[in-house]
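Right, one structure below, let's go through it.
Order of writing sets the labels: A, B, C and D. Residues in every chain begin at 1.
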């Protein structure tokens, strides 16, 4: 068994979790050359190498530098390179210039990792640092997902269509007709309830009134999306939000990202598209237009959470996704038979767009210091996605988790589940 | 008494309201030359002439064309010019090209108005059309406000700083310290309650849970904003949303729009800034940063509405604003002494940013047909403002009214009122 | 007879020339409203009003201010508005903001003109100022041409296609086959020879070696250009300069500016295109591609001048152009029967692209002071055009005249004449 | 002795030249990792890997594919990747996407090179192909220079300032006052005279009249450029071409590229700037402004060639340049003591801007076929540089050589030599 498999790092002791998460990041970079790990395909994405080093910088900066006696920086010039967006931590490299870092090499970045991983050992037992360590683990796991989605996007730019790995999941069986789970409405408790790790933006837990609604028992599939295309979905202004319609026309969007003819680009390179797999790599605008076309709507994040409550992580049975391929067996602790595609799974197939804007919950307070920049400052202009994708670390599958992206972004494994008023 | 004064068009009979609203639009254009009425300063704004003709196109298209027997278009080429964004109504002029319409002349546009105003007479008594007529009135009143804010922006581009009119209000008396109105929280009824006209986006009326909060009894003033500037508000990243910080730096923002040294540009040209007047012409990003700096936050739109309920329109005592000058006595039915600036007025000074994204209320349905494009399709990426400004028609001051703009826009009379958790 | 007709302002006494040129500018603005005179369609073009005021500013700044005792500026804020590009004369309005000048009104600009015209009377007899006055006249005549081409471009933006005037010339008779005038080559004297006015960039006169060449006896016509289109000229990369091919693809160019189906936009509005008229409104890239397609090339400016020597102004018989319509009878002193289109005329139909870059002649020196900015600083990145168009003032038709534009610009009356090696 | 040293590939037999040039390209890539060889810093530049493969594609396409019996493409997908701009050779990768080619790896590209190099052996003896082979050699040598200037630009983006190699030349001795070489003018023969290889754009040889002029005996140095800066050269509009002034202000240019405080970025990383070395990495706009400031001008390309005639290649004594460091001993066959910096050398220090636009010589004809795209289609918008830089292959130093770049480009080793009228 490879390092890291089977583990859900949110349980178990800190040292094991730490070792597992650190090892997995490096394992994810294994299939890549130094050159692969260097390129950056767009401002939204980062090089693999940068993810490896940035997560390490996080430990170095917020744990070692501040709490490990006598620790000296691995290289005092590197924080400028590997700080992401922490204004309180000073100047940093222009975001788009991350792709110019042919040096340090991948090997040097891994050496940096090992240096920091070892230095961290002395701090892993400290109770007072446990919250910060859990945040560091969660942070690194988020970057593991981004590492995968970013390298997918980078390899996609290459006309040769190189693959990240060569295994590709079996195809899914046809999805049944959607069934609608009804919810009677009422007052729901929303937000993390205090057990285990959660980000600050998942709280405070609070009450929300829900009107009666129904939610689909499964995700929208590729074959259904194809029908939306065939019936002119991308050229009917009436289906689109105004911003979405402008986006479709300016960017000349006619299909999900990575679609071309009958194929789709995956981490296993170009593959015949699986009609029964959940549609992924769509923007919020597309998700909303599809829902309108289907006579439905997107759920709110509160409706989604009310449904997902009690069905998260532990119970998750994430799909063997076509896109992440056998990466899943590392990421998602899945070893059984493939999940029926287009399946019910709230977690593990793709992130699901909600119609909720990413805003603070009542009484949300931004934490003091640089760590306070983690979530709060992004609370404008973005939309909430719920669930977890095939590239999400298992510990990140929880009902209260709030992922967020701009409405036009679609390089994540993003899909949709329909809802409606009843 | 001039035409249109004193009237609150939401009450009274349709024919009187129609005549009053139509006359007021033309009265607002009186101070302007054909050339003034032609220029367009940015894509967000439209020429005066275009506002006059577009509101007329609305009556022609949705009332006369469809319901008035034998009506023929005033000019069959004009719908292409004066449709704003109704995709269902076909192709239209590129938005930025509105400023190229030196023809038709202002005089011809007024002739168009008179033609349509007269033709409408036959329809004003029809009960079945009453909802559409009320929408047309509200629509034209919205454009009256835009006409004022757009011409202000256009005249501002001119280095000569020409004035729209020459009267300028008296200055305000100093504002007292903010007092905080507390609200115990609980379930609030939100949305229009069915009496009188409201836009579709103000409903359906529904319940929302509020946590206990406090809201300031008055708006933030210029002198307070100056303090924010003096203490480095525009250069402290920690105060800003991430998008806001990017905007501040890219656009080199250091003060509200229209500020220059001790002066501000107003509809009466460049004037010494009144320290006690409410700050206006700020973006959402600025409002949010100020609130953070002040140790407070923006209210949600639900908090705002809960407070405003019962204090709207009828009770409003809008300020004699420095910016709209004596335009107010037409727009806002104000004839008394000037309001203390920075005053409590929920309505009539400026629109107040909330921290709420502009989203549909539960069970909101987009109406059928072109009129359905009025509000719903804008429900992404924008933020809700509540209240009413000095340039808002009186009938538009109501507790449930939802105005919305993108977070960077600030050419409207936009300000803020602080809130906080208790 | 109207003011200004028949006059060639380069001959005759200064006072008459001055009065004539000043009157003609105003006459050209006669068909336009204040609004027409205010709009600006692109950064390259200026509003009519601005041309009227800028030419006046030139007299005020370089003549009256410096040489007329006791003269005070008409309005001390106006130089900021009406300086074009003279860095030595201080700050000026952003170029694209010229279209925001709804004030001063057209009427006020004309009052400014009259004020300056009258004040100039005292200086017209001064011998020492004669060179500067001749420059002022030539400058104003250049702006007369720009006034026409700029208003054409502005009116073209209007979907209604309004006309500047309503007369339109008779159509041309079919052009005969091109005949090639051969030139044996040798040493040619190039540049203005000292009689009459010329710009600094037309000298110093100097020797140039010409290789034997032939030049077409007439311009390329619309019908010939249509054949270039029909045979795929715009989609054959092999015909184009690299920059031109990029331009064609980025701008999606498929025909000359102002062409649409069988029509072309003219100063008389949309008209059926005259197949025998010279093609106009093409870019250098298009001219070069056409010449390549035709198995020929563009002439150098020296070849053109060698041919044109002795055939300029006095002998010119400019065509009654379809685009400038009856404006010509003011501009070009033409009263006879219309010229056969596509005719031999070196002057009066359109500017003719040469393959020469706009560079200084040997020993060219930039003049001292602000007037030195007239020509020299533009000597990079532009190409030379020779001849004169239907919109050019008669006095500007001379063999040594060097007009210049960027290779992508085509809102002037630009066409081509073929050349080849022999 | 390393492969390739001492050799001037323009002499000697084809097989030796071919082997030497091919080996040198690979030698130049030796200091670079796969990641270094992958990154692309701007659209104007290409990755090292791409240069290695593109030059190979040139041999494969124009020689092997068309002339070597039974040759099959190394990989049929690669021509899409490695065609540069040959429209006749079909579609190719978007220019900016060259930096996304993490695959093929550097190692695979070298394997491609070896495959093609070996396959070429059978063709090297064919007389009929000799001209094409010489073109291929010259082409590859041009890319050797670009490889160096492009990797310099790429490494410069990295905040760590990594070096390409670690040796750095000795500093130059102070330059003497400029002495002016006078030329009496007259008829000069311009263009390649038929011995040895030359590009098509260097001919046809033809006569040009020169007016008397003087040219500086040495290049402008860093210390002189510093004085230009200190005296406000970058902020005095009067010194600049109009396009240049716009460029300086938009790009906020205040010094040559690669200058920072007292340092400059070189292929040996950041180094203290040598005051006596020739200034390099300036744009045409800067060169022209400097010349104006110095009361001089740039030479024409004809003046430059007239002076250089008889002093080229064979006699060249190129400087041991600070920027290319010991790369020179491979590139430029220099083994003596370092040249006094700011020295007279027409060749080997830097390319020298002329005031001539890059245009075809009289009777220039574009060759048939794809090879015809080599030079001719770039003849618009660019300026001619003469000489040869420290990164130029020795065989490229000849009096008739015409290098060309856009006036704003400055990532080549570009400098200037003054001229003036006498």
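What we mean here is this: a contact is a pair of C-beta atoms (placed from the backbone, for glycine too) under 8 Å apart; a residue touches a chain by one contact, two chains touch by 3 or more.
This structure is a prediction, so every number in the text was calculated from the model and none was measured.
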Contacts common to chain A and chain C (chain labels): B, D
Most distant chain from chain C, judged by the mean position of its C-alpha atoms: A
Centre-of-Cα separation between chain C and chain B, whole angstrom: 46
Where chain A and chain B are represented by their mean Cα positions, the distance between them in whole Å: 39
Centre-of-Cα separation between chain D and chain B, whole angstrom: 60
Partner chain C, residues of chain D touching it in the complex: 85, 87-88, 187, 206-209, 211, 237-238, 240-245, 284-285, 288, 355-357, 359-360, 362-363, 377-381, 383, 407, 421
Of all residues in chain C, those that touch chain B in their complex: 33-39, 41, 77, 80-81, 93, 97, 99-106, 154-155, 157-160, 162
